[in-house]
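Below are two complexes that have subunit A in common, paired first with subunit B and then with subunit C.
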Partner chain A sequence: MRITQGCFSFLPDLTDGQISRQVQYCLDKGWAVNIEFTDDPHPRNTFWDMWGLPMFDLPDAAGVMMELAECRRVYADRYIRLSAFDSGHGWESVKISFLVNRPKEEPGFRLHREEAAGRALRYTTTAYAADRPEGRRYEG
Partner chain B sequence: MNEQIVTTVRGKDRYKAGVMEYKRMGYWEPDYTPKDTDVIALFRVTPQDGVDPIEASAAVAGESSTATWTVVWTDRLTAAEKYRAKCYRVDPVPNGPGQYFAYIAYDLDLFEAGSIANLSASIIGNVFGFKPLKALRLEDMRFPVAYVKTFQGPATGIVVERERLDKFGRPLLGATVKPKLGLSGRNYGRVVYEALKGGLDFTKDDENINSQPFMHWRERFLYCMEAVNKAQAASGEIKGSYLNVTAATMEEMYERAEFAKELGSVIVMIDLVIGYTAIQSMAKWARRNDMILHLHRAGHSTYTRQKSHGVSFRVIAKWMRLAGVDHIHAGTVVGKLEGDPFTTRGYYDVCREDFNPTNLEHGIFFDQPWASLNKLMPVASGGIHAGQMHQLIDLLGEDVVLQFGGGTIGHPMGIAAGATANRVALEAMILARNEGRNILEEGPEILAQAANHCTPLKAAIDVWKDVSFNYQSTDTPDFSPAVSVSM
Partner chain C sequence: MPLEDAIDTPEAIAGPIDLRAEFAAAGIEEMLAELDRELIGLAPVKTRIREIASLLLIERIRRKMGLSGALPTLHMCFTGNPGTGKTTVALRMAGILHRLGLLRRGHLVSVTRDDLVGQYIGHTAPKTKEILKKAMGGVLFIDEAYYLYRPENERDYGQEAIEILLQVMESQRDDLVVILAGYGERMDRFFDSNPGFRSRIAHHIDFPDYGDDELLALAELMLQGQNYRFKPEARDAFVRYIARRKAQPRFANARSIRNALDRVRLRHANRLVSDPDRLLSAEDVVSIEASDILASRVFA
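The block that comes next holds the complex of A and B.
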């Protein structure tokens, strides 16, 4: 399966040129760009690990692309996403977020159903990969 | 016309038994400067033939505040001058013979804190049936910060909704399940599953899906949540389905909303026809229960559409932001339902901005500060399809839910393919926009390129390429430099 989190997951994986143009769009808006990675892609896993701090006050996408290359080198087998943060009053949150790296194999999620009273079901979603210890989840 | 000499009767003569013109009773005060704490209403007044517009406007002020048809001595037991609404300006409507814009200021003490029911009972109460008027329309209102702050506002708001859903940087995508009546719970859930798995973020119950013989509400909720969870696991994304909890009584609505919560739904839905008090109750419930609250504006066109009489939708949008819903249908411009582009733009600003500056061309007559009240997500729904993606994003921006009902379910390759077509079109257009391309001009080319790697999108464009709804709008701004036609 292909996880479709983020802004551009229904398009073919973005090229570095395309990523760089999106980053430049964010920087031109004055947003701080953040690189995050995880090997637990559960849709409610909010806090991915941060690759350093969000890059504030950066004028050029090249800086982000350098960091991304380094992050990809270390965590090639994990999900990596870029997110841009707007500190403006009334928003103060993420403005855009998209995947820039995926593991080679994406085994997807198990949907666990627990029968409850009446005909209700309690649902739990678990990434198959999450059965393995953190850091070894997408090894071949 | 504001220079008309009217002598307001003051002192004890003002309270002599009998009938007196409203404009002489203190409801016409051309020298009055509205206070920062006043509520202001702008009415479009159409007096009966031969009725003086100033007198008609003063009557509106009177009948929507303290007056009755005759002088009453009991006014003298009150601080009557404070409680009288004051019409302070009357302008002829440009290109609207026989119609006048009346500006009326109301003291804050006339209203109960945090109550749309009380506010609307005054402002659109008896006065709309007043005989000396042919017609009356409430065009706009200005709420002072002091009053805004007495309302909860949207239970969740755009920012927190996006954080909860983990979806940023693009419009959200939805579809209303069709046919809107007749599907069994099991069949209904099938449509929800296909649409969500195919790439939509939300599906939606229609306004008149409640609990009918063909599908009782519990069946719908159970099957919808199976579909939502299955699609969530198939995509790794948060999904939702607006479960309509509209019912005959408040108790039944709470019961349905509680069941939706128990089943893990992120969102419930209500119809505008449940009434302002029920809406505010559900907004409080939604805030207490971490639930997004979708409002379908069922019924609004009965009083918002015609320009001569009723209430403008911009006022309804303001009331609903105060009342505390998270989503509101606010028009598409390009779709099948009424929606002038400038007027619609005004509604969207009312929903999403923290401050609305006066903008007559968009129908916004007053500066309106929202005092950090949450933002309300507008929903564009009704006769839109993937081939219009560039126009929709250009007109409506990215903080909007785009709902393609027929445009998803009517896709020749099936519902999931329809959903995928919409999602691919959306993502391709946002990508292009962010790259600095002129999407309005290059839109069709961008879609065609995206369709090269997405057969469903190609099929959608082929089927619907010639569909558009070009009709003259009825509700257009009075200050538009040109006659506007919806695109």
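The block that comes next holds the complex of A and C.
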């Protein structure tokens, strides 16, 4: 199951050229660009690990792409996303976030149905990948 | 690829191409004229810039005819005696390469050993990479580059910075241009101990010492920039000053001239202040007299 989240989630995965143009847009706006990675695909997992420090003082996207290449080399089998933080007064929030890397195999989610009081049903989803310990989830 | 944006889609053109029109369209002529006006002397540097500009122009035309060729490496090394304009030219080079369409941003990141080399194990690589990331799309200028390598200390972290630099210089040639600068003899020794470095730099440009008339022209340009000017006899005095100063030890070309002019301005100001009763005209505050120059210690 191909997981999507953030901006451009309705599009096919961006090429490096397209990613670079997006990064350049963020840098030109003065936003801090972050590279984050995780191997827990649950949509409510908001705490991803950061790759290096936020990059806010680069004039050109090539610097970010260099870091991204390095991150992909180390964590090729994890989800990697780029996000850009606008520190402008009144915003102080993430303005853009999109996936730039995904594991080769994405097993998807299991749906749990829990029968509660009365005939109520509670639903919850668990990623199959999350059954394995962190760091070894997408080893294949 | 910066060139990709600058060039029209390749289309096979059979007919001849008007070189003059192409020349004008690229804005190269205007740029070279400006360079001639604002930089005095430095013939080898101007020649090399002209060559790079010409290559780019021909490359554009070749693309139009459907012939492709890889862009040359643009990493440079400036060597020369103190005060021959290495840093000044490096500052301008970023702008020039940007206007030629060879760099995307055209900013300059100027660093020395301290900015690249860390103080403990594991400190150097992130530091160097941080600088490289900042320089992407522009020029990385490493002043006094020979300090990167300290042969007397075999555990020096400079070597690590050199290796990262070399790797990026090779793999990301489209993204950044590295310019090294330093005094000739010490740069030679630096290259001898890092042969990989020499071969990765395509342009070794030697900055010649300035001639007497070039130094005079420089002095007048500097004064003009500060809204001063020589009186005719002061100009003659300065010609003599240059001849004498050159014969003295530790002569540093344009830098010595700039320092001399700073001292001349001090004497000029002092001369005006020492006579508080007179009324000053605009002419008085801009003209430098022979006496301001002749009071220098080189005439002693």
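As a working rule, the second predicted complex is superposed on the first by the 139 of 140 C-alpha atoms of A that agree within 3 Å, B and C clash if a C-alpha of one lies under 4 Å from a C-alpha of the other, contacts with A are read in each partner's own complex, and residues count from 1 in each chain.
Here is the rule we go by: a residue touches a chain if its C-beta (ideal position, glycine included) is under 8 Å from a C-beta of that chain, and two chains touch if they have at least 3 such contacts.
None of these values were measured; they are calculated from a predicted model.
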* With subunit A superposed, do subunit B and subunit C clash or fit? -> fit
* To do: Considering only touches as defined above, state whether A:120 meets subunit B (first), subunit C (second), both or neither.
  => first
* **From subunit A, separation angle of subunit B and subunit C (C-alpha centres, steps of 10 degrees)** => 100
* Partner touching more residues of subunit A, whether subunit B or subunit C -> B
* Asked: Does the superposition put A:5 against subunit B (first), subunit C (second), both, or neither?
  -> first
* Once the structures are superposed on A, label A:98 by its partner contacts, choosing first (subunit B), second (subunit C), both or neither. => first
* To do: Determine, under the contact definition given at the top, whether A:43 touches first (subunit B), second (subunit C), both, or neither.
  => first
* First (subunit B), second (subunit C), both or neither touched by A:60 -> second
* To do: Could you say whether A:111 touches subunit B, subunit C, both of them, or neither, answering first, second, both or neither?
  => first
* To do: Could you tell me how near the closest CA atoms of subunit B and subunit C get once both structures are overlaid on the shared chain, in Å?
  => 14
* Structure fact -> In the complex, subunit A touches subunit B at residues 1, 3-5, 7-12, 14, 18, 21-22, 25, 41-44, 46, 83-84, 89-98, 108-111, 119-123, 125, 127
* Asked: Across the complex, what residues on subunit C touch subunit A?
  -> 104-105, 107, 129, 132-134, 136-138, 168, 172, 175-176
* subunit A to subunit C touching residues, read off their complex -> 55, 57-64, 66-67
* Structure fact -> So, in the complex, the side of subunit B touching subunit A is made of residues 159, 162-163, 166, 168-170, 199, 222, 225-226, 229-230, 232-238, 262-264, 354, 372, 375, 420, 423-424, 427-428, 430-431, 434-436, 450, 453-454
